[in-house]
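Labels for the chains are A, B, C, D, E and F, by order of writing; each one numbers its residues from 1.
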Amino acid sequence: MKPRLRLGLPKGSLQDATVELFAKAGYEITVSSRSYFPAIDDDEIECMLLRPQESARYVEHGLLDVAITGFDWILKRDVVEVAELVYSKQLKRPVRWVVAVPDDSPIRAVADLAGKRIATEAVELTEQFLAEHGITAEVEFSWGATEVKPPYLADAIVEVTETGSSLHANNLRIVHEILQSTTRLIANRAAYADPWKRAKIDGIALLLKAALAAHGKVGMMLNVHEDNLARVEAILPSLKSPTISKLQAPGWYAVNTILDEGLVRRLIPQLKASGAEDIVEFPLNKIVE
Amino acid sequence: MKPRLRLGLPKGSLQDATVELFAKAGYEITVSSRSYFPAIDDDEIECMLLRPQESARYVEHGLLDVAITGFDWILKRDVVEVAELVYSKQLKRPVRWVVAVPDDSPIRAVADLAGKRIATEAVELTEQFLAEHGITAEVEFSWGATEVKPPYLADAIVEVTETGSSLHANNLRIVHEILQSTTRLIANRAAYADPWKRAKIDGIALLLKAALAAHGKVGMMLNVHEDNLARVEAILPSLKSPTISKLQAPGWYAVNTILDEGLVRRLIPQLKASGAEDIVEFPLNKIVE
Amino acid sequence: MKPRLRLGLPKGSLQDATVELFAKAGYEITVSSRSYFPAIDDDEIECMLLRPQESARYVEHGLLDVAITGFDWILKRDVVEVAELVYSKQLKRPVRWVVAVPDDSPIRAVADLAGKRIATEAVELTEQFLAEHGITAEVEFSWGATEVKPPYLADAIVEVTETGSSLHANNLRIVHEILQSTTRLIANRAAYADPWKRAKIDGIALLLKAALAAHGKVGMMLNVHEDNLARVEAILPSLKSPTISKLQAPGWYAVNTILDEGLVRRLIPQLKASGAEDIVEFPLNKIVE
Amino acid sequence: MKPRLRLGLPKGSLQDATVELFAKAGYEITVSSRSYFPAIDDDEIECMLLRPQESARYVEHGLLDVAITGFDWILKRDVVEVAELVYSKQLKRPVRWVVAVPDDSPIRAVADLAGKRIATEAVELTEQFLAEHGITAEVEFSWGATEVKPPYLADAIVEVTETGSSLHANNLRIVHEILQSTTRLIANRAAYADPWKRAKIDGIALLLKAALAAHGKVGMMLNVHEDNLARVEAILPSLKSPTISKLQAPGWYAVNTILDEGLVRRLIPQLKASGAEDIVEFPLNKIVE
Amino acid sequence: MKPRLRLGLPKGSLQDATVELFAKAGYEITVSSRSYFPAIDDDEIECMLLRPQESARYVEHGLLDVAITGFDWILKRDVVEVAELVYSKQLKRPVRWVVAVPDDSPIRAVADLAGKRIATEAVELTEQFLAEHGITAEVEFSWGATEVKPPYLADAIVEVTETGSSLHANNLRIVHEILQSTTRLIANRAAYADPWKRAKIDGIALLLKAALAAHGKVGMMLNVHEDNLARVEAILPSLKSPTISKLQAPGWYAVNTILDEGLVRRLIPQLKASGAEDIVEFPLNKIVE
Amino acid sequence: MKPRLRLGLPKGSLQDATVELFAKAGYEITVSSRSYFPAIDDDEIECMLLRPQESARYVEHGLLDVAITGFDWILKRDVVEVAELVYSKQLKRPVRWVVAVPDDSPIRAVADLAGKRIATEAVELTEQFLAEHGITAEVEFSWGATEVKPPYLADAIVEVTETGSSLHANNLRIVHEILQSTTRLIANRAAYADPWKRAKIDGIALLLKAALAAHGKVGMMLNVHEDNLARVEAILPSLKSPTISKLQAPGWYAVNTILDEGLVRRLIPQLKASGAEDIVEFPLNKIVE
């Protein structure tokens, strides 16, 4: 029987983004609404959806070979961090775990948490944080809706936030940022020591990173006469030299390059002014640099 | 400032049934989709929605005066059980916490759990159960979808079930029933010692129980001539004598009684055969016996 | 093992109304979105959801004992019609099977159908209808969306309609009404000959009819002084004499009666003008007359 | 051809509550999702859904005979107010039109509005209000989402609110309440002068009011021995004397009364303590007093 | 503090298409379901969603710097039309404002509108149109569902339509087309005079136009031997000469060109017949010509 | 009047995939939720949505010129199979028609079906299959939910399945596979003999196939120095030689090729190891080989 890699995918807010990322990386994952075991078009992989809060534990114990989860959930786990994958659902910013209190709370600094009641979904993270600051407080596991617990059911909360808007909507103020967390591809130590599994895992990591590298990047093609070539080259970012080839039309060159989509907004007017013609932007799937 | 009673209502599967029960009891609770603080048409009560898993803790600590939660979540809490309220969402059966394993698992009895990995949302309940049976096993908190964990991520689970259909759908077999649980109205000890709060809490309990008593019960009115009155009375359940009054029409009586809706199915044909006329069944809101 | 009655319930447009009717009749049927076998709170009955088009066939063949279906689907089936149940989903009107053609079609009468192409979901019904009229035409089974087939894919259709609005929206004109159909409770001949099953089936029929009888009916209570009693009695419908009883207050009577909800609209002003006081209307569940 | 009454029903937030109110009053209105012309089970009435903002205009001009709309939209219309119907969607409170400004706005009183830009859906109402206060300001029609316009697009708004929660969520502060508005049944002057139409309209009004009167009211039946009758009578509200009748059982009386559902919460414990037995609460459809 | 551009985006039917167009142009706009202030990944821009009917007014008054709205809503506004953006939601056809009447109305021409009642959401546009034709009629603002108003509440309507299907479904006939309208990028005069804002606005316009230019266009690559090059070139549209480069394989050329997607349907068979090989079509994001 | 091609598109599970495929092929089809006649941006084509079960019949009879349907529905139809289009909704596997029975059924082989009751939506297919095997059984048309019919209403079913998961969920076991079916473009014989229609149909077929060919394929561009060119060429699949062109930078070449997306997963690491630089993968719309 051939070996298979057991892969944990995050159930919940990261699920759709993860499936989409694998799609860009070349893996078609089909999630059925009634099953926690998505199909994947690679016979050597078995997928399972599970909450990111618990996949690190299962990777550590070897029940999964590899999983996608958040940095926040692997703090105290003995696993291999194979790759960092920055693709959180909205603005590609890392999520942040923060201490938050009601707008009118007397708590102003971490020290003020002493003796208080803190609700959080991340009990281990919170206790480690308090220990590092030498503070004693009551940390209670919150089963959800943590933001509505202050002031009646908690004095403070430790909660994850991207933009802070949910905290704001619940009249909460951020007192301290505990850590920033991005998504990680993690592997079990023993699995990563196995040559077949390691090659498989590294291949997945390479393709996921290539897909992420292409996100927000675009290809650009333009034609330019040799008289203007230097000016056009000067405008293009120097980091990466563009691919230039001679056209059939005498004196003309094709320039092909890869750019940040955000940068295109600024460069196009300049390129046009410098003699670039037939500027065309096209989408990319993957970039391997 | 007038005193207020702080009431915890169950977020989740029991939420709609609870709001409906309070409506039958005479309290209009308005849940807004964006808020965890429903409005109630009683100025002396403040409501909050929260997971039944955690409301008992908050009642024990005095952060809530009273709450609706399940018996399964108050096992080790020092709270007052004011009333048992049997109204779980489907068939009015109590929910059951069971040990379940894959259909083809070698685990056949509780003793076989020794040394196994058990996933559950109810860690305390499971550990207490294992201790009572003198068994040592690894109990892991499950963040959800517990039924899909065996066999890869767990050897057994401890899970709540009403009809067993979800377990069956996941090819799991029940090994043992740990406890049956119904819904309870619980109160904080100190709050229940306060006369104003106690009267308020007892009033709520009385009305909830009156509303539950009316559930599945109906009123029945019929007319009967004095010649047939004894036969009709003999058919009606003897527990509770019906209310009988003389009609204006000479020799006729009106009979008014309360019956189990299920019983009506059997009695109507008999009543008709015994001379009852104008049989009418009507709905009831509350019954105080 | 105790006997059980196998009951077919209509999947589709009548489903919710049927479950509601059984609820009024005193049976709680719980439909799960993933199952065709609803639960019912009567251990002697097994339910199954299936399309009304095919339940009559299964009752005829004895695979089901009893079913709820439309008169239109039992035309040529050898089954027992136990009861007619008029509760089609909207305005309590029977549904009608009609021949319809495009507004601008030359087909004006049944005779014009000769040689035409007719699309319908009810092939047997249509063929029987054509045979009765001595007409030869091509009848094709339509898998759905029959109304959009004319004029390209059919010259005429035979389709079910309640209000005619869907036909109108598709620019179709009714040429002929083939039959009106209401809902029926049907039973297998052999099952209905079995005493236990027959009693069970008749009991269901009695309760369903009692629930339907109460639909659109309300109870009314009022108080009236003896001086006005005759006037009030004269206003109330003569079909059914009201229940009258003496009140404790000297000279006053309580009048209790059952009325068509639609009639109440006309009677209340007259009753008030005739001296009726404290007029109260209340809902009814069942009426057995 | 028989005469028909043309009735305008409110499209939007009041729609479902209106259909439900008519149902309680005895009229079955069937709204199809694709049509603005609901069916009603009264051949003498034609219904049309339209925005409450414009129905008063159509009633005034005689294009509709009668309509349900808000007091706020009939201020300057020459129509007959047939009845006030208090049933706004949530807590049966009237809606309020208020002037609101950002929490940190320097506008503190009506006088501060002079020269400001005010956005509102109710331009006429706002201009009349400003004129009454002798204030000149720029009033702009807002096509929706008025609450998000301050501070960028408006200095203040005139907006309708029930609980104020939407204003609060947008960081707005109420400066002044312009008027409270409840729902009204209005009629065209000429239609109301026509005897047939007037009788029809008054009948609708009577039934709607009877249905509203029953809302929040319940019926209560109890049995009591003559020794306790006076005590029980003393507890029941004195406004309306209950209906008392002698039972067949010697010395026993049946008491039947109508109560505010809210009052029941307080009375039941007292009634029980005073010797009332078999207390049953039942729902009511209509009350005509 | 750095300057920011205040941008109005159209709430409603154009919203999703607008967000998608900005995405193609390189701006990521994130709309939250609870907010009218979408996030955009450009710190120099602030977005706000508002109805296209009112954004022109706010741009004229300088409360917004720039907005996307329809030509129909800027007729009488003193704003700068920066660009026309043809991307209405369905078939890229401009929307049309038309006069429509019931199918069986005697109104046949604009002149027949004299003295009639016209319902419309575009009161200004309608009044201007009537004035230009020297016609006096009663124009009434319609709050929505304008198509259902004739014949009871209006004799005619002035309404926007793309395909006419909604008019047809309501049995309305088009009498006259008043104007065709496409989407525009408009700017406030003062803002457009400010150099920083003007550069910013022109940049947005350039990128939106480049994205629109790429819509419906595709890139095509093919290889061709020098013997067939002329024939292939003859087939490709002459407007724009393709980019031709020599391949490594002797005698072979790569041809790269941009085509209307619709044209591809006709060209591919011809190209193949003329010796083109390895024809590949690929998507484009932006075209700057 | 110009000729038009009448095209039948599959209503139901293949609908979205078909619209998407036409979009890739360059045809924009706009489906309105209320209409069975989608718009298409080609004036020479008229579309109609209809169930794949019946479109073959309409093509055979000439009521449609061309349609997309399944091979399973054209078995006995006299139509032209223009093209096979493999794009079934999930994993691009063909669907299979199978005989299935309950897990615990005694039926083990086709021969065991003799005398049994078989439910199926595909009566013709089933009867032909039984005839080929010389078996007599009762075949009943099933109006839907065929999987839940065994064991009560049928002994076996003939049903379509892709992955078998729905059969498994209903405790059914596959006894025999009758046929595999893929999607086909079929044409009416007379229409296909008409030169204008044939050219139109062949053009559609060519473009649909080109779009399908591009599915799962991607373009890849990379740069490589002449020292490494041979090694890179050796890695790329030999079937199709890549397009190689000289870059402006001395000694460097651009390599452009088309690959299976699935293959990319394996090639990228090898290409990188062989000296390929700036590897970029980009999406393709169509491939014409």
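One rule holds for everything that comes next: contacts are C-beta pairs under 8 Å (C-beta built on N, C-alpha and C of every residue); 3 or more make two chains touch, one makes a residue touch a chain.
Everything quoted here is computed from the prediction, not taken from an experiment.
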Chains contacting each of chain E and chain F, listed by label: A
Interface composition of copies chain A and chain B: same or different, split at half: same
Most distant chain from chain F, judged by the mean position of its C-alpha atoms: D
Counterpart interface for C-D, drawn from E-F, C-F or A-B and sharing over half of its contact pairs: E-F
Centre-of-Cα separation between chain F and chain D, whole angstrom: 58
Euclidean distance of C-alpha centroids - chain B vs chain C, Å: 35
Approximate Å spacing (C-alpha centroids) for the pair chain D, chain E: 44
Multi-partner residues of chain A (at least 2 other chains): 245-246, 282-283
Which pairs of chains touch, using the document's own definition: A-B, A-E, A-F, B-C, B-D, C-D, C-F, D-E, E-F
Residue ranges of chain F in contact with chain C within the complex: 6, 11, 36-37, 48-51, 53-54, 57-58, 63-64, 140-145, 148, 152-153
Sites on chain A touched by chain E in the complex: 90-91, 163, 165, 218, 221, 223, 245-249, 254, 261-262, 264-266, 268-269, 271-272, 278-283
Interface residues, chain E side, partner chain A - complex: 25-28, 30, 32, 39, 41-42, 203, 206-207, 210, 214, 219, 240-241, 243-246, 253, 256, 258, 282-289
